[in-house]
Structure formats: C-alpha cells, structure tokens
Amino acid sequence: MMGKPEKLIVDGKRLDGRGPDELRPLKIEAGVLKRADGSAYVEMGKNKVLAAVYGPRELHPRHLQQPDTAILRCRYNMAPFSVDDRKRPGPDRRSVEISKVIREAFEPVVFTKLYPRSGIDVFIEILQADAGTRTAGINAAAVALADAGVPMRDLVSSVAVGKVDDTIVLDLTKDEDNYGTTDMPIAMLPRKKVITLLQMDGHLTPEEFERAIEMAMKGCEQIYEAQKQALKTKYETKPEEG
Amino acid sequence: MLYAQNREIVIPGQLIAEGSHSIYGGAFKEGNRVYSSVIGLMNVRGQDISVIPLGGRYMPRRGDTVIGIAMDSHRSGWILDLNSPYVGNLFVSDLEGRKIDLDKEDISQYLRIGDVVVAEIRDVDERMRVLLDASGPGMGKVRGGKMVEISSAKVPRVIGKKGSMATVLQSTSGCKIKVGQNGRIMVWGDDQRMVNAVVEALLMIEREAHTSGLTDRVKQFLEKMKSEGK
Amino acid sequence: MYELVSTVKRDYIVDLARQDKRADARALDQYREVSVETGLIENAQGSALVKMGNTQVLAGVKIQRGEPFPDTPSSGVLMVNAELRPIASPTFELGPPDENSIELARVVDRGIRESETIDLDKLGITPGEEVWMVYIDLHALDYDGNLIDAASLAAVAALWNVKKPQVEGWTLEEFPVVKKPVAVTVAKIDGKLMVDPSLDEQNVMDARLTITTIEDDSICAMQKGGIGYLTVEEIKAAYELARIKAAELRKHLG
C-alpha cells in the first residue's frame, strides 16, 4: 500500500491527471434490472453502483402505513468485495447513517402525498467503492426513481468536494479522501439549485466553503446532464424491424 | 409558451410550459410555470397540457376493468391483488350477482386463493380502498388461457385508438384477449403458437409504446407468425 | 415473503409440461441465455457476473490473511457467503440471512469444497498461526429463477479469474484453483424434468434437484429442494441431464 505522496497536486494536476474542478469519468445507464420497478447503474471513476426502486407498493407491517402519504425508505449497502479489506455483510453504523441522509435528500422531491398508505423503497448497492459512494448512490437512485415512474419535482444530483494541498477539488478519489483534509458531499436539486444533502468533515474557512459549494454545484449540473441523457437514451432506441 | 414539443420525451423537473395552461396528469405548476413530474411523452391539446407517463404503478380508478388474483378471503368475500399499491375488495354478492346466505353457503366454492378474476372498479375512496364488481357481462372467474403482465402505463397502446390495436391482435391471430387497465392481459386460443405470438406482440407493444407505426409492425409480425405455422 | 402464483399461471405451466413444453418456448433440456463476464470488480482478487436469462448474480473473491482451523493448521480457509437482498426481488427482505440465502451459500460451498477445486493445502503461511482465507461473496442482483446454478457458475468463474493476487505477502506463483465444478438444477413439474427453472417454473414445481459434477462426470454435491418428492428413476434421469448440461456450461469458464 502506497504511503502518503508528498504532493497530491503537481503543476495543477491531481494524482489521476485531473484539474481541480474536473469530474471523474461518469457512466449512467437506466433500466438495467428486470424485477425492480425502476433501476440504474452508475460508474463514477472506479465506483460501481446499482440502484433499484420498488414502489409505490403495499407497505408492511401495516402499522407503518401513513393514512395520507407514502413512506419513502432507503437502504445503502456495500457488497463485501467492494472495498480493499473485505467488509462483513450486514448493516453497520456508517451504512445506517448514509441511508438516512440519502432518504432525506429525496424527501423534498418525491410526490409522496399521491400514494396514501403505501411505501416507496430505494435500494443502493455499492459493488465497487472508490470514495464518493453515497454521491454515486444518489445519482443512481434519482435515475432509478424516474425509471420507476415515481413522480418527482426534480431529479437529485450529487457530488463531493474536498481540500487537498490547500486546494479545493471536485469529486475526490479514495487517496484524496484519505490524504486530504476535508470531505464534503452535497446533493442538489438541479432546477432550483437548492441543497438537500450536506455533510462535511475537515477544515474550511468561510471563503473556502463558498468556493467549495460553488464548485460542487457546477459539478452537479454536469452530472444532471448525464442523468437526463441516460433516461432519454432508454426511450430513444429505434424499434426493431419485422 | 411551450418549452417542449408534442410527443417529446420529458423528464421529472423539466420545464415544459409557461402561462395559462390547464394541466392534467404527469405535470405540476409552480406559479406560472409548468413542469413534468414523470418521464413521459409531452401531450399538448390546445391549452391543455399533460405528460403521458412511460412507466409507473397502476392506480385504481372508478370504471376501470381490472384483472385481479385472489390473495386472501374472509367470511363474505375476497381481497384481490391488482398489481398495484392497492388491493381490491370483492364481496361474494358482487361476484355472483345475487345475495348469498352466508350461514348456509361456504364462499370458497365460488373462488379460491390464486384464482383470477376479471372485474370492474365500482368505487375508490380517498383512502384508496377499492370496491370491485365482477357480476357484469364478460367478468368473473377466469378459466384457462395465458396471463401476461405488462406496465399499466402501456395498456392504452394495447387497446389503441378506438380499439384498433386490440382488434389487430385478435383478428390477425385468431386468439381472444381481455385487457385489464392494471397491466394484466388474458390470452386464449386453440393454436399454442399463435398464443405465444400474441404474448410476444404484447411485449413488443410494451417496449415500443412510445414509437409510431407500431400497429402496422404488430400486424406484420402476427401475419408472419401465422404464415410460418402453415 | 411469499410469492402469489395465480391458478391460471399454474395451470398453464403444468399443461405445457404435460406436452413437454415450457412457457418461454424452451426445450426441457435447454438453458436460458447464459453469459459470464469476469474481472469487473478491481477491489476483489477475482470477480464474475453471470446472467442466466434475467437472473443476475455477481461473485467476488477476496483473499486475506486469517487464522486457520485448529485441525488443519497449514491449510487455507474457504468461506462462501450469499446475500439475497431486496434489490433483486420483491420477495427478499432485509435482515440476517434467511434459510434460502444460507442454503444457497452452503450448496455453492459444497460444490467447490468437496471437489477440492482450491488446493487449500498450498495456502498456509505460518502453520498454526496464519493462512490465506478465501472469501467468496455471492450478491444476487436480479432474481428470475435458478439462483443456485447462476451463483455456482459465478463463484467458480470468479475463482478462475484470480491470477496472481495483488495482496501483500503473496508468494505462490499462481492462485491454486484446479477444478471446474458446475451445478445443474433440474425441476420436476407434473412428472416432467426440466433444467434451469425460470421464476414461474420454480414457483409451480413439485421439487428440484441440484447436482454438481466435475470434468470427469463424477458427482461432488447434491441437494434436493421443494416440498414434493423424487423417485429413484427421476434422480438417475436428472443426473444424466446434469452431466450433459454441466459440460455445456463449463465452456463459459474458458
């Protein structure tokens, strides 16, 4: 395992050759599973993430049902082989927290009042992890919800920003997350440009924070374009002949 | 002012119009602006705007014909699975079309768990409790046939304008079909090959519902299958 | 969660079976379309994604240091785990592994362990203290019937995908995988035997028999499942089917 490199940014280029405000290579595909009502597969750099949506559907146990609204539920999970040191299967405290903040990132957009007494379930499986899994998970879940036909006010787009070598950078890799000082994932509603997920650990001056948020929102706009394209591509394939 | 064309594919949150439009289905207004809430086809008719969803679960509506599966029973009736977030309630008197003396009769003789029923939705209340009626003509317990499940959003395409697609499916294949608004379709036929062909045609319609020229393609496909079988 | 099957569907499938036919027009001895893709998870030492019809299973192999079992102090340790998470089916629930995921893991494990597919004796590091642990994790992504065959194929493909593990302290030339066991599941519907049951067939079948064979046609694992029964003749017939289909599936392992 590589020890900490002396510099994480050399001549304005990061370890993987990117500039400070460049996203990792992004791939999004909608409708990849058969059983789920909606699904999406996302690659952000080396992250490989699958999201599936079931619902609206009958909510069990019945005592969880709300008379005038659907309940949105989210489960984020990492496959044991997704990380360097094998992760024991089952929910851990980190996954529980991430599941909650992801659910809350979607609560403002889903039209839950249209489906009384029902449940809408979002499942995010991390198949390969390289920092920013929750952001990749949100990007996949948004496409999966749209693919499932769940009515929403907007999509949700997400990316993380951080600070390495005193420079604000977009879309951290695992090394940058480990060796840098700050990690700040955000999720944004692209239309209104409002924030529905914000977490931060590290150190930022108020000026650095402003720059970071600005960079993150620009990053989210690029991701939104890719999400839009993935959804439209699914329906724009030519019908087969004969 | 329209920001999307008729029959254009739009996504949730996309701005589709501005101004005094009436909106119905698949769209919502914020102030003066209209946005799509689902992935669907933009549908403009004069001042009326809607988005026709390309997916989504079935929501029971009064008057719809649905195909349900009995999943539970109680003393006076059954609960039917409707492939929807909401189940249907069918009382035995609404299946047999007459009052049944529950003290004298065991209702399981009329319907068992797992049986399939064609019914009409008589009522849906604000808590989405669904009341079914299966006593009318062409309704009731289903015998034989093959059941296909497609996305309920694509059912209008299976029926077609003035029933045109349904007619093509039946007359070209020689099979009989019964279409439930909840995405379930029954297919009956003496020729197994043609039953399978109709099933394939239905799956084709589900895949290509948003394209044009579909009725002709379906007709061609079924005619080809029919001639190959001879 | 229990899957409701309509009488119409059940009757349709049973009726077809009587005529030696299946709902998706397959022959009784025909598998759905199978594809195997390896090496997609870089963080794993080996990985494989198997698609069998619409069923999809992802297997990852992780090799790490660990403690040996007391009675085999110089042998590596194999552990197989299966996750049937709700992403793959509305019938899978959150929570600790249920009987289906445990059975799946143990059947896949049996096929690999009993055939001695991995030469575990080569995986010792310091006798009695440290050995190489081989974890195979099976992750169901989409469930449309016959997880056992798809998961077994994925597990073995993932093992053969491991070349020289990039883990600290690895001294062997190559990862010691030497056999290719293949599981074939045969379902019985109304007295007829058919391979690779689809989801609908699985929900309607009387019983199933999974037989895992290796290259010389010998049997290394078997598992009967389902609430019905099998006659001895049916079991022998199932073996014949398994022997032939295993050879076909084995070609996907390269």
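Per-chain numbering from 1; labels A, B and C assigned in written order.
Assume contacts are C-beta pairs under 8 Å (C-beta built on N, C-alpha and C of every residue); 3 or more make two chains touch, one makes a residue touch a chain.
Since the model is a prediction, treat every value here as computed from it, not as a measurement.
Under the stated contact rule, the graph of chain-to-chain touches is complete, every pair of chains being in contact. Ranking B-C and A-B by contacting C-beta pairs places A-B first. Note on chain placement: the centre of chain A and the centre of chain B lie 34 Å apart, centres being C-alpha means.
Computed from the mean C-alpha positions, the centre of chain B lies at a distance of 38 Å from the centre of chain C. Within chain A, residues 57 each touch two or more of the remaining chains.
Taken in their complex, chain C has these residues touching chain B: 4-12, 21, 23, 25. Interface residues of chain B facing chain C in the complex, by the touch rule stated above, are 69, 71, 81, 112, 114-116, 142, 144-147, 186, 192, 196. Partner chain B is touched in their complex by these residues of chain A: 37-38, 55-58, 67, 70, 109, 111, 115-118, 145-155, 189-191, 228, 231-232, 235-236, 239, 241-242. Here chain C touches chain A in the complex through residues 40-44, 47, 54, 56, 58, 60-62, 64, 81, 83, 85-90, 94, 96-97, 135, 137, 139, 141-144, 168, going by the rule given at the top. For chain A in complex with chain C, the touching residues are 1, 33-36, 46, 48, 50, 52, 54, 57, 75, 77, 79-86, 89-90, 121, 123, 125, 127-129.
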